[in-house]
């Protein structure tokens, strides 16, 4: 018996339905189709297998090997409700059949960009350090407390990685009139220039920028590409903000250099999380610490639901999705080597 | 004997010549006229009196009562190298004779605005608090640490005071697409709207904004205008940033309300500075502390020198100054009641 | 014998190689691969068939039915060097095999947006009409010539169609602080709001905007969707700019309404081009006439070459293209019904 | 007998009260004080003399020699409701007494800037010329009509004069990402740089800019400063827009150079207005003609009333005006040598 409404299968673990769908969005989702959801842990295989043949939209990180895809004859889209792509999908089959595989990484761009900007100003002006000093009763006032402070306005900025995160940050920088250099080996110079940035090599970005933001994701090829040699290029009066993935940096060298006063830094990511209680990074005066909290805020999770509803509506109307991030043949193999989970 | 070059008398205490004039600016100043400077404390009276009759430009906070002005027949401008106007000048005589009395407050606008933005994002995202938590080994990760975090983007902003500081901040907010309400009883609605803001009453600004910035200077009339009643209007999920003068706020009530968790706040100013070592403000978890350091950074002091050189050049060429802030007949009496020294 | 360098087959008619590739871009293309080009009319079939088996990149509007695609085993991308997609390609096969089919429509966005803005100000201020009057010796001066003039700043704007063209125009409008409504049935409200616009129905856009821009492309479904009823909703003091395709408008009704003084308008497109020498549109005082010249300027054609080189370099490096516009499964069937050639 | 309300004397000829005060503004003016107005020609002397002793605000271009000022003991402000300052006021006495003398030139900034931008795009894209061609049945289509067209985006821009008009235009240029050079001998480099422009000499601006805007007012010293030699520096592919005063240009040379095809141009001003019916400027193909209509539009005249009401309210409240343009001791003597009337 043919369905009246398309079937939407929701298996959002590790996210709860209520987290990602505000009531109004959940209601919109219900209007789009019959929603069968399970968020008390991963949807049981039997449940997946029972509904998959009729499902048009799959919301979640459900394993989708070829056998399952072959039975999911109506399937038109898989929404990963995180910011990454997992290796548990037969992407080739999806590409051949035109099944959209999508993740929701764009929702994290603005949260990360805002925190990155706040952290950059914090480092440029020693905001949190001055706060600590005052709590400890050792503050100095006025110029004495500002000996190494500098204005972001006009300061040369370097962006390492220029995807959603980098572009969101670049927009926030507009009123600061900073010259911005970008290193991103996956992007052509033309696109970088179109965002009023100057393409540059990695060494140049590191050696000439006063404020350096790292937004690069991890791929098979780029682990540790910010090694000790590269970090040593950073100018002593510069600040360095690691906002994406700890694995792109030689983290021990990073900690050592900041400990030695070579430059000031902030990091939102760590090689192991939670960070060991005795890890030396916890005691660095010149390292602003953030416990993997740049992206995973309520407004981002709610935006996941909005993106899913919005793109599902387009797909069900026979139009292409425009909000979520599509998996692409060329990059999926590189990205999925290590799960990315900005949250 | 007439002078070949105009005489510039520099009495910049409490600032040193080297602080406010970078070498290149000092060289420009020397090209404009003969510079006689004394910065080892206030210029001795005898020295002032000897040179005043020939001085065209006076740089400093030198007392200038009527008797002195009467002898300073060539004087065309007095530059106060701070951000305030002092009551030690006979302003009426200056206004009558067209002697420009100028201060350098515009140089502090951008430093304060940048720090204010950084502090606002800090409060919205608990940046310094999360850093403290991680140093103390009590951090939480991801969403758990973000329960009260919110995006600045789109958040309703309120500005109390819309002079140089408020306008500089407003420019930095443009990419955040915030609706901005402004309370400033000295400014017409037309001007506020021209900056893409909505004029509003004080209570409305306090009660409807998620992020409230106080940039109001102190006048005879407005001391303590942000009293307990007004502060109580602030929404529990809002953040409040005191960036200008402690005297505009009922400071004890302010501290109590933040201690009680009524809202989060930041302050750069305190009723007494240095702050007493046992002042309760030092222990507030939800108060970001800054020891009067928003404006007084190196780049601001150097900008003072640039402004002085730039406007002195115009004045000596028979043109009006355009960079420094002129004293005005209407407001000088109100402002000078209490010296302002944003530094 | 395997090739040392990838083969790039260029069949750019109706464009010449020299038009779309500036010398520097042509040199870059040659570095990417062995370029075999023919631009003296369409590449002869024999020539296509000889080279296709080895070609990696095809630049042009060459017919590519399934038989040819089956022999083009190395093919990874087809660049249409116009702004449209033609029905002479077996798109399904391309989608299955992951052959990128791309057009260069993004290059026309900025040229069209700039001309559209210029035309809007022209209509708002009667620029070309006043110029005509002065040539005819019938000008009036000052306010007398400005009785129906209005400022763009703050005027309500309506955009019909919000693809590349609409978004480029929207960016140019930012300093004018206009409220902008958008009608685009292919896009979700979320995306429209993200560009600081308000989604609205067609009738609302037409009836409440002072300046209406039509950027909608033609699809199977939307021909003539701006009919007499819709055009009659336009306010008498509004201006209407047709910038995309004549077929979306009931053109005769459009001409009649402008002739009757119902509103002022500009058009860059006409149902038949060249326009008949006695077509009444040529004599309308309140219609700004542009002979399909909004997009097809030298800088746009040169940008085509830049896009091709830039995306070909990515594709040959195993990365996805980012500059050209990809054909999509959902929309290709709708778009290709009528060739689009903004040039 | 003392007045209950301040007296506002309105003598706005050549403007009518109804033109500059919309009903709502007129009502606000009436609330500020007792308004005595005469706009059927200049206010008769007897009427002026009768009311002047009690007047607090004077709105108009009334002659105010010393004798009258001496009797106007309550006078605090004179609003010239045009964009200029006339030599019929004893400015020295006003300056001494602190009577604000104000004009309303800021209202013309946005109208002129919008028209200037429209005219610049017109010239860059031959908008009005193409319209003329199509009316004459001699149009060409697409690229053939665009041989000399260029994008404003990224084009080097030169501004000659950087007062209200230049700054308003500069704001509108932001999305075009043009490098902007400014020549203004009255302004310091610092201020020019603060608007994201580069200060430059006149010859450099003329010789290196693709789009040149002239916004300079006329002073005693600068008549004809854009002489034949200077105009000859303009590049053949550039466009030149005269937006302020004809007297700053050697107009005959200007016409000759455009006639000779040396560059394209637009002008809103002419040495004599109305322009003689046989003036050769009327027949230039490459000159966009505008009959002194850039500023004098309804919205500008209404803004005059808003400025008067807004600043009068501040003055009556004991605060300084912030919207109108104040006469200044240094420049009034230079400016008033020739009446300026942008309308």
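By letter and in written order, the chains are A, B, C and D; residue numbering begins at 1 in each of them.
Rule of thumb we're sticking to: contacts are C-beta pairs under 8 Å (C-beta built on N, C-alpha and C of every residue); 3 or more make two chains touch, one makes a residue touch a chain.
This structure is a prediction, so every number in the text was calculated from the model and none was measured.
Looking at subunit C and subunit D, no chain is in contact with each of them. If you average the CA atoms of subunit A and of subunit D, the two centres end up 50 Å from each other.
Each chain gets a centre from the mean of its Cα atoms; for subunit B and subunit D, those two points are 33 Å apart.
Residue numbers of subunit A whose C-beta contacts span two or more other chains: none are found.
If each chain is drawn as a node and touching chains are joined, the picture is one closed loop, every chain linked to exactly two others.
Chain pairs that touch one another are A-B, A-C, B-D, C-D.
Here subunit D touches subunit C in the complex through residues 110-111, 114-115, 117-119, 121-122, 124-125, 127-128, 130-135, 137, 139-143, 145-147, 149-153, 171-172, 174-176, 273-275, 277, 282-283, 288-293, 296-299, 301, 343, going by the rule given at the top. On the side of subunit C, the complex with subunit A involves touching residues 95-96, 98, 186-191, 306-307, 310-311, 313-315, 318-320, 322-323, 328-331.
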